[in-house]
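In this document, chain identifiers A, B, C and D correspond to the written order of the chains, with residue numbering beginning at 1 in each.
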């Protein structure tokens, strides 16, 4: 794991290692992948104005996420079916997350049961899609609470899975040994059924999840749990304000990594406006396209408290299992500390005062 | 017809199938094709800000065009000589349009007689170039009314055909068996005459159509028919206002798909200004460069009631006749419903309230 | 001459025909050729908003330049040593210019004597560099007046020739049979002297011309001739205003086709500001990068009365002598009339009322 | 040395001559080299509006830097270890700088002792990193004063060396015969120690220099020397103002040539704001990406008094030692005089009144 000096190195290694259809499932976006590409372009266009002559000898990446300490202002984004990438799947990622002190978001569609993942000892958030079967949904909520998850992250930008052409062309389906372990046996069987002209995973998602998710659903969930509530997938400041007014604790400004609406605005371009709209009533996290420590700093300078990282963690998992994920976290920590100090910030708090030019 | 997952797939197939000169006639633009290219660039630059937590389980693409129901907010743009692409030409397109419930605009230069096309049962609009011979022009108007066309679309951006270099280099002329079936026998004979250094189709157009079309012509036509009147090719808001004041019902904001003035502004950049200028007095459609459901959504978010699609329909026709056009409509409907729902819109009306960033 | 359908076709033919060093002398710019390239990029970025429903059946390219009729709003820019490109040099260009009714600017460094060129019957303007030897300079002014030139065009952006790296690398010098025919025998001998590491033409220019040209020089020239006075090479509006106040009749907004200050602003970006600064007190022409009829229309829409074309005329001369220049003029006239009509302009005057987007 | 007509020619020659790891050490930037590239893009985007009709026959590049005459408004930037590039290292550069009358900044990490370099007779500035061992630091200050250095340049943007991936991949370390000659014997031994996965030079820098440099350090240095004090690496106008208030004489607006914070703003984009913030209380120099005389003019037009050039001087040194550096200076002087005169500036002072467009 010593030959990787940037996340890009790991990306290249992962793309060389994985079967094409799995690589495409992880790397791809929706439609013409315009938003996927725009996420990167928009981040690169954010230029930071560093400060000088501050004592950064004790420069620390320590952060607070949801009011608790984190090793850096970063959490693992929810990603389905980690076992597609490595037999140890979510367990490997959770162990690495624990070591570096960052929260791990267990996907509802995780390939190990959430209890087993939580047992690895990382700070754990649990991600929810709103199941058509609300009984099952609230059973999952109860399991998450009981297992010790410290927050629930409701994904709000997936009324259904978007047209991801790579998966459709590949007729992507899950291998037999990868299942949605949190759901009842057989619940995800549809995700294994190879059919011409479709992605089995998309078909399963549409069958299981509702497209009728509304603010009332959010309020119902809010009433049913005392855990902090995170909404993932908010871009319009009007929705952000409404979320704050509905008792949501945290917003994740995200376009689902370019995997849902093709043509959606790059997340980073909405971050400041969302931040202003919530006026401190919600914590704001950033997601979509983070690939370096500089990206983390960019998001912080524009008002985020932290970022989610999804694909990059998967590259590490694919390349080297738990050690590969360690490498991803080490690189991100090294790069972020480097960027922070070089920008004249002794701590994560200072980052919010940096100016940017775009 | 199951191996096409985007209109781009059909474009590639069509370009591989068609004789080069026919492909160029369909695909090409004028001059250096700067506007042709700018149409796409400008559309891709429109970024949508999706809404979340709306019930889109019943998301419908149903639209109203000219006050009547349509399966989606889309009509087939007028394109001359469909038989260049397939022996069943306009008939095949009309059948497919009927099935999906979108209006079909019969070109004045259609390669089947308009009556026969109308008989296929689609909602039909009839496109007019202003013939030098006004007697013939008004005969065509009468035929369109009698056949049951529901609107007349006057093309106003073709005083003559622009310099389309591909056609000129190819010395493009019509094959014997493709004629302007609405005109008297022999009327389009010039369009079949191969001559060095020119496009026979352009020569015929210039010979038959007037370059003296004015607002008085529009008012004359307005007075001669009770059918709704659509003007196609308006970009300057001053012209849009004048059209509204002249009793025009619908405007098509269009630069003729980059086929007339090379260096003209991308149509999408004028859409909002035209919309504001007419202040609700005309319905506004968008044309030029639509290649996906996201493009339809973009146009709607910027104020259009619907869009015209020309070239993409021709790709389907060339690749698979009626079935090919079915595929085009199916893809556009699937993509548009996908985009609509992912943007948090339960119906076409919601699209007008989306914010865009560019 | 019938296989050329755009000026680009002629450019390619010329580059294939000419010796590399001559091609480079014509095509090249200064330094890193940033301004050369920016001239084109900036023109292409000007998008025109066409008007519709105007009677353009009698659309005419006829223009007035310096108060006299011209076949189109275009003049031949001063270019040195036409015989580098074709044995008939300036004579061929003058004949073609006469036929199409556009003024021809004879360069001071023309390779035929100005009297012989004027005798070809075109409207003729005479270009001046300010010679170190003012006696010779005013002799040339007198000769131009006597020969019937209708205006003097003083080039003001050449205190010396810029570093044109192609010429320097090619150690460019004039062949024996090409001389500065207006100057005394042997005056340009330096331009024939091959020397390592320099361009002989640049060396000669620097030796013969002054770098001390000032507004006083302009006023002196103004006082010595009754001919209309054109200043070529003005970009800053402050200089434009000063020129108007000094009795200059015409300004040419030009960066010398990217051949003088590398890094200079594209001329088209200064056109509107210059136009405003002179407030109608000078006629304003545009130069630098015109390659099509659309470019002419762009310049007119931004306030120019006409444009100068240099390199494109040379391409025609190189490819086919007089006939080649005819082709250039025919293409420009066809394209310009096409663009004018398609933009809804019946005459050159209408072009000034077009809106542009950039 | 006569075949180089632009600095780009020398860059290509240097890259062909040097061992890959040395080339990468000189040419590389940090991280993804986004800032390295942006420096050039941003400079090229600055377009100059030249003036005309000014007497530039006596056009002079003479400048004042820190109140003393310079042959042109340019100084050699501090660069470590010149002997990596040529055995005569800093001595060769100093001799060439003397000949052309530009100040030479001796790096603290120079590969000859500062006294020996000063003895070559160029105007000399001495660069400081703030050593962890302040006794040694002030010994160096005293040596610089005694040797006759005319100013001290404190680098303020290197709390540590950024992640320069080329060096890390190359496991870059110094050859035995190149040492930090100003430091005690063995002080830089760490910079020679090859270790997997790191750059030995970065490791040494971090070990020797402090990351705790603050405004108090600056004030301490200000109090300990009567030499003019230059701060290098200021980008934020708030830091610039603070520097002026701390008695700093000169600011260098710099992002360390894209070698420190990857994602930092291009220096040229902050120049005007820094200039305004100091309101004449400091002299302002520009650094980062200067590659031509036009670049020098751009910086002057935006408010700099002069520029620093680092990499380009190294190219000359690598290619031809002292003569190579002569070539670099000759090219820069020729190009700058050319640009100055072609922009209508008779002197360096006039450049500040040029307008720019970007």
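Miscellaneous remarks
Quick note on the criterion: a residue touches a chain if its C-beta (ideal position, glycine included) is under 8 Å from a C-beta of that chain, and two chains touch if they have at least 3 such contacts.
The shown structure was predicted, so the numbers you read here are calculated from the model rather than taken from an experiment.
After Cα superposition, the angle needed to carry chain A onto chain D is 90 degrees, rounded to a multiple of 5.
Two copies of one chain, chain A and chain B, form a contact in which under half of the residue numbers belong to both partners.
As a whole-number value, the distance joining the C-alpha centres of chain A and chain B reads 42 Å.
Chain centres here are Cα means. That of chain A falls 60 Å from that of chain C. Taken as a contact graph, with one node per protein chain and an edge wherever two chains touch, the assembly forms a single closed ring in which every chain touches exactly two others. The chain pairs satisfying the stated touch condition come to A-B, A-D, B-C, C-D.
Chain A meets chain B in the complex at residues 31-32, 34-35, 38, 156-157, 159-160, 162-163, 165, 168-169, 196-197, 210-215, 217-218, 231, 233-236, 238-239, 242, 255, 260-266, 269-270.
Chain contact summary for the complex, chain B toward chain A: residues 2, 5-6, 8, 44, 46-57, 59, 292, 294, 297-298, 334-335, 338-339, 341-343, 355, 357.
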